[in-house]
Amino acid sequence: MIIGLLFYGIILSFLALFVRKKYNFLRWIIFSFYIFLTLFLTITIGKDSTYFETFNLISILNFDLSLNFRITPLGWLFTLFTTLLLFLTSIFSIVKNKNEDAERLINFFWFILIISNTGLFLADDLFTLFIFWELIGISSYFVISPGWVSSFRAVNYYFIFSIICSFFMFSGIMILYEGTGTFSIQKNVLYFISLFENSPLNAIFVAISLIIGFFVKSALFPFHIWPAQAHAKAPDDFSSVLSGIIIKYGLYRTILFFIPLFLFIKEYPVNHIMVNNIPLFSHILAWSGAITSIIATFLAIESNDMKKLAAYSTVANMGYITTALFSLSSFGIAGAIFHTINHAIFKTAIFLSIAAVKYRTHETQMHKLGGMAYKMPVTFLTFLLAIISAAGIPPLNGYVSKWMIYQGLLSSKFPFLTLAIFLSSTGAFMYLFRALHSIFLGQLPEKFDNVKEVPFLMQIPMYILMFLMVSIGIFPQFVINLINSVLTSYNISNINIKNSMIFSPLSGIDSVKVFLAFTGSFILAFILYLIGKPRKHVQPLDTYTAGQDPADFNLTRELYHFAYKFYGPFEHMFDSFRTDTKEFYDSIERKINEIGGYFRDFQSGSIRGTIYTFMLSFVLIIIYWWLL
Amino acid sequence: MNQKELIEYIKNNFKGIENIKSIDEKQFSITVQKERIINILSFLKLSNFKELALITAVDWIKEEKIEVVYILFSYEYEQQLIVKTYIDRQEPSIESIKNLWEIATMYERDVHEFFGIDFIGNDDKRPLILHNWKDIPPLRKDFDSLKYSNTIFGKFKKDKE
Amino acid sequence: MMNNYIVRFLIGSLTSIILGLLYMGIGRKFIARIRRCYAGPFYQSFIDVIKLFSKHSISHHWIMDFGIMMGFSGIIATVIFLPIGNFYVFPDMKGNLIIIMYFMTIGYLGMAMGVSASGNPNSPIGIGRALALMIGYEIPFALAVILLIFANGSSLLYNIIQTQQGSIYNWNLLKYPFAFIGTIIALQGMLGEQPFDAMIAPAEIASGPMVELSGKFLGFGFLQHASQIFLETGIITAMFLGGGTIIGFFTKQLFLYLLTLSIASVFPRFRFEDGVKFFWTIPTSFVLFQLILFLIKR
Amino acid sequence: MELYSTKKLKDEGFEQILNFFRKKSLWMLHYCTGCGAVELPPTMTSRWDMERFGMGPMATPRQADLLLITGYLSLKSLKRVIYTYEQMQNPKWVIALGSCPINGGIYYDSYSVINRLALYIPVDLSIEGCMPRPEAIIEGFIKLMKQIENGEAVGYKKYQENYKWYKQNQDSVLKREFPVLSGEEK
Amino acid sequence: MNYNTTVLLIIIPILSSFLVYMPVGLIKKSFKIIFLATILFNLLFSLKIFSVVLKYGNLITIIGNYHPPFGINLVSSFFSILFLIALYIVFLISAIIFIFKNDTKNNQQKISSVLLLYLASFSEIILTGDLFNLFVFFEIFSISNIIIISLKNEKFSLKGSIKYLLISSIGSALLLFAIGYIYAILGTLNLAEIALNFEKISFFSKCFIIFFLMGSILSELEVFPFNLWISDSYAGAKNFVNILLSGISCVVSLYIFIRMFFTIFNYPSISLYSYNFPLDIKLLLLTFFSLSIIVNQLVALTSKNIKRILAFSSAATISTILFALTSGTKSGFSSAILLIISTIISKPLLFLSSHQITKGKMEKNLDSFKNGINRKRYFSILFIVSAIFFTGFPLTPAFFGKLMLFYTYASKLNYYTYFIIVIIFSITVEFFYYFRMIHKLFIKDETERENKNIKNNLSISYFVSGLTMISILIIFFIFPNIYEKVITKMSEEIFNQKEYIQTILKLGEK
């Protein structure tokens, strides 16, 4: 039935290609209908992991390559929330893509992306995983840069990184395949664990080949530059998919492979170096997550483009998730998975509101915007709620997962990791407020006076996302039950919940009481507000300007909006050790071009030169043979 | 060079300089015809009377004359030189010394506002200190400040009587 | 059960407001005494608040009203989770430290959103300074929190207080003196007192965020500051001075507040980036030293 | 020139109770116009300590109740005083220090200094003296507090009632179209 | 089994290459008919031989009734005939392009005769069983190559052809030297005979032979230090010549390499051990080929001219094939064959479509690809599909080739495994510049003047040849198990040297 779904998707994607430009909203309706179908099916199939399906492609040269799918609780959970968010973004993009120029191509590749998204999460064997992984790499590449010259520069790092990681994974799979003889994930994971005993050298090679994919796809420390580039240029609604969903694939695969491995080593630490009873390798990964989150936070504080800011905040959140994941405590892992879901939700909300602002104002530089809240209240509310939950502030969904991450880290005694996470989450609050202020509050520039709210069809996903954030914030137990089912599948101890009261080794919280406390105090504030004398509405420019009438020194509302270099002095603190990793990759690229250029001129040298080189190289081979 | 040598030096280097008077051992004044004002000032600037302290004017209503006063100062000689010229009161106009000293534009703008002197070459005629002024320049002798104050600010006095 | 919570909620919030204002009044008299003059009666801040609520006010947009209210309610909601003496509003959630730390940010976010909707550039400059300072003093405070959680194996203030019962010698103040010093300096930043009050610098940015707050909005600002004093001093008494019975708890809070005021009245103002640098070097090294000592000992 | 009778605009009932609190915490706008500003620091600090009466300097007109005009007002500074006064919130009071705001003082015949402040903004209390000493200022504050207590300090209501008259006076001075001395009356 | 008619495959082309000059009857353009007739004859006849081979296994043709160890004989085994058929198809396609489209009307006659010689030479190389015979036709092969390259008589092609001339002449000199040496030691020149008693000769002479034989064909194989002629000759050659070069000449040298290494030296179990300097030939070859892969890919990445990029990418693929062959295992060999199949089909197609896309443009660099999608829609799609097939998108033959390659190096799990990183680097670079080219097709070209009047003169020959190639690719994509049977059969045949020797020598004694 899954294969029927995928096959049907492929047909639809080709069908959608032939819809004429005039009815292009029809193309996007087909698109969102298909995602709704996948969403509906994932819910109806449910979590029973006995559901198995196979589709035999070909069997040649003693390889029997077939796409087979199985519903694992983890896969099901990831499919559920990714398809839900994709569905919301597709509703948003029906209206947005009315007059895009290359939208026929975007639609086609986005279709393939959806198909491979479900395929990847429900894949049962490594070969299917690799096929869909490759498809995602290629299609997301083409959606980000459909024919715009400028965006090729932005995407080339993303493209190179994803190819490197997919082919390293390919070699890893091959080594595992040679060992187990089949591609199926369960057997290979067990073999992978046993590999560490008998041939550690190759085990490390396979581990590295899988870890590189994780590092690249979830944009951890050395590879943290591609999201900012890719997001700035990607079409706006796709960047919410890019940072909401595509960045999670690396994480999914790591959970498949490395969590069972590290848990196994945790129980039987035969000859592994253990650092406060977790393997050294997972300790390094946790630290890489922490470092990424700190670096990404400070980069986000400096960025002036709102999409770059959101991209860096995604990288920071991925940093939290990796740290929590590799702290290997039950709360840590549950918190990581819960934070992935929460992060997907509030990040899609942030990106959709940014896309709405860009749809209306065609402007991404934050200091040129301002005062959008007065004109676009719904977008402002979504952005506000998304910021509250992104900063982990209690009534909304961000805080539950952040609290669980803290419980996980503290209960397994990681003082400095918790400090790093705490530093980056306060930093998150800094740049998120900056975005809220410079885009939505402050002074509305004159040129945006006639900006209207986005059409209703674009507002539906915003309402749904707001509802999601609030409901998960108040009643997290529904999602935690799902996560518990995932934890049991990896036989990690579950989180005990007694109707909305979550107990952890350190302390318990009851999110309903938290919400009650907040509403109670809000009512108290409202009563006080009514006691005071009624307030009078005043024009935006009527502010305290030390007695000088603004009209005198021709002050326009645009000049009066303070948003450029919001944390200027704070940034100067880090001037001394500011290394630009993009500069580092550019230098590598230049070096490669240089070497290539050297060889190229070498080729087109004079005729006499060729003969000398020919003879010389021949002699060199003999010498080389002699040395060997 | 003390003051006497300075006075000698100026007397025999320049013609068209009327009464040179030394006010006290640190100050002395000269009066010059209107036409020669520019080259005298530029000469004085070269012989290190570097600083133009002030430009102001005095309204001699009886002689129908307005006296334009330039006060120069020299750090080297520690002497203050007051250069005076007399111009006609009806259409008072004099060459602007904007390109000798940058600051002169501001002083000339102020003197123009308060005395109505038209400085040729300095077209910056915007009001500087007075607010929304429509009358004749206030520091002219024929301007009756009390009457002005009573008419515009003194409304309460009339109600009292 | 429902009205029981409402009553407990009212007790919790009103005590924080009243006592907060009381501390402010006593504080003002204390500072006046240092300056050799007699400030108004100790109930002066009550009068100020009532006067403010009696004045008319202006607002630039409904977001400004919503923001100020949210700010105030955020702080009140945090106080709900604070152990006042040995009274807890929610008996089964006895003062979870991490929740308190995150709830405080609602107060900041609400106030920040409200004032930045006012359109005056002074307020976002002030808020930017406040947030940058926040990332400064959060580090030593977080380190102290981590240290105590490791020491007591639980992040509930209730357990932290239990371990400090009995005589004065087993107060955390004496067990971890350096951590206490670091936290006191962090408290100085949290309350926005003199060395770190770049955010509401009246001379430079016309009292920063509060520039457009008139009448009852300024009243909300006052109440928020008052309950913030109560909250922050309350947390530190619970963490380090073993919050005793109701009276003991209040006197310790007052002692802490007057300590910060005495520091405040003798120090000029930091530029906020130097403030952040200061926070990341001196108090953090104190608490770090204590943490390392603790880790070695364990 | 008695345009208003304090009786008609007197505060009654609930406002009277609030006045008790308003009296005890008067916040002064730190806006020093003329030469009287130098008198204020001693009144604020420990020598005469106006904080005893709950009074304190405030940075912005929004937060202040009391506007202190300390000395003569030229036309340009009058424009700013009016703009700040309108930014303050009711109930608000104005105290004029020195004789210049009353009758122009030593600048009675100047072409740019206004002779009587009361024409342009309602003045609740004037303290004479060519810059009254801090004791006189404190005395003035106490007198204003008494006025507020029995509800007579109602300058702001007067401004609202006779807003047109005040506006006309202000325009006559600030927005003149015709020369003054050329004889024809505007 | 004795089957003498295969020699016709060689004689007919040589004969017709002279016939072309004599005008047959009144038809003025008679040489065209003769030219096409010979090619078709060769193709059909080789198909017939293939059916016979299927029935009776290897076929031997004895020339002049001198039995193998003495006389020259042709061996048409399953592996060689299939190679021949594939090359004939590519030759046919390039011939169609050459005949119908070619504008240099006057010397078409001369070129067709050279092409026919070219045809004869490479069919003989593949079929021959005798080393000297191989040398002779190798000479003809390289000379005809030179002539074809220099057709366009402008700077690049002349320079390239001269370079090629020099290098191949040195190579053939080395080959001659090796033949002399072998004849001196073993006394025979028959491949089977040499293979039979290759073990006996001393270690030093074995190394001597290997190096000199290898040296001769390395220049053809476009391995790095010896492929200096590629950049000029490919850039300068005419379009149909490029197809020939990329399709046939590399593959022929590959065939020689396989034939030599696997049948003569019996590569996997070669014993090259001697006391004082143990030679691990596998490591030597691996490092040598990986160096050439990296360099070729780098040059392809950085060069701007389309033809040069495609040339160096084909050079890199051939070094990858060699890299796979040196693993010496069955799966390594099958991955090599898979990659060969994908190069034979998609590489000419790439050249063809890229030529068409950049037809109107002055200089043939990357920017001329701009806005290809709506300028030459058909050929851009052709280019994209062939690029995808060449780079090994999942489920294409090249992908399975790479799958096998990874498998070969993963299975042994010894220190050779770490050579995979070279392959990964080469794949990434390859993906990068191919996708850069595809991406350029979609980019809107600002400089292009919107003159709609460039009539899209779709030359039929290009259209037809493109269509045939695409259909072959699609067939291979849909029915992958066609080439599965072929590969298994080939690897069996290659890997048992004994059976090859028996068919020749036994027949000889009988």
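Each chain gets a letter, A, B, C, D and E, in the order it is written, and its residues are counted from 1.
Please note the rule applied: a contact is a pair of C-beta atoms (placed from the backbone, for glycine too) under 8 Å apart; a residue touches a chain by one contact, two chains touch by 3 or more.
All values derive from a computational prediction rather than experimental measurement.
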(Q) Relative to chain A, which chain's C-alpha centre is the most remote? (A) B
Q. Among the chains, which is located farthest from chain D on the basis of C-alpha centroids?
A. E
Q) How many angstrom lie between the CA centroids of chain C and chain E, rounded to a whole number? A) 80
Q: State, to the nearest whole Å, the distance from the C-alpha centre of chain B to the C-alpha centre of chain D.
A: 40
Q: Please compute the C-alpha centroid of chain A, do the same for chain D, then give the distance between them in whole Å.
A: 61
Q.
Rounded to a whole Å, what is the gap between the Cα centroids of chain B and chain C?
A. 63
Q. Touching two or more other chains, which residues of chain D qualify?
A. 60, 62, 79
Q.
Can you pull out the residues of chain A that are in contact with at least two other chains?
A. 542, 544
**Q.** Overlap residues in chain C, where contacts from two or more other chains coincide
**A.** 54-58, 206, 211-212, 215
(Q) On the basis of the stated criterion, which chains touch which? Give every pair. (A) A-C, A-D, A-E, B-D, C-D
**Q.** Residue ranges of chain C in contact with chain A within the complex
**A.** 5-6, 9, 13, 52-61, 63, 65, 69-70, 72-74, 76-77, 80-81, 89-90, 92-93, 96-99, 102-103, 105-106, 108-109, 112-113, 116-122, 124-125, 127-128, 131-132, 134-135, 138-139, 142-143, 146-147, 149-150, 153-156, 206, 211-212, 215-217, 219-220, 223, 271-273, 276-277, 291, 295
Q) For chain A, which residues are in contact with chain E within the complex? A) 57-58, 60-61, 63, 102, 105, 130-131, 134-135, 138, 141, 145-149, 152, 156, 159-160, 163-164, 167-168, 170-171, 174-175, 177-178, 199, 202, 205, 592-593, 595-597, 599-600, 602-605, 607, 609-611, 613-618, 620-622, 624-626, 628
Q) What does chain D use to touch chain C in their complex? A) 18, 21-22, 24-25, 45-46, 49, 51-54, 58-60, 62-63, 65, 89-91
Q. For the complex, which residues does chain D have touching chain B?
A. 1, 74-76, 79, 104, 108-116, 118-119, 169, 172-182
Q: Within their complex, state which residues of chain A touch chain C.
A: 371, 373-374, 380, 384, 387-388, 391-395, 399, 402-403, 406-407, 410, 413, 415, 418-419, 422-423, 426-427, 429-430, 433-434, 436-437, 441-443, 501, 505-510, 513-514, 516-518, 520-522, 524-526, 528-529, 531-544, 546, 560-563, 566-567, 569-570, 572-573
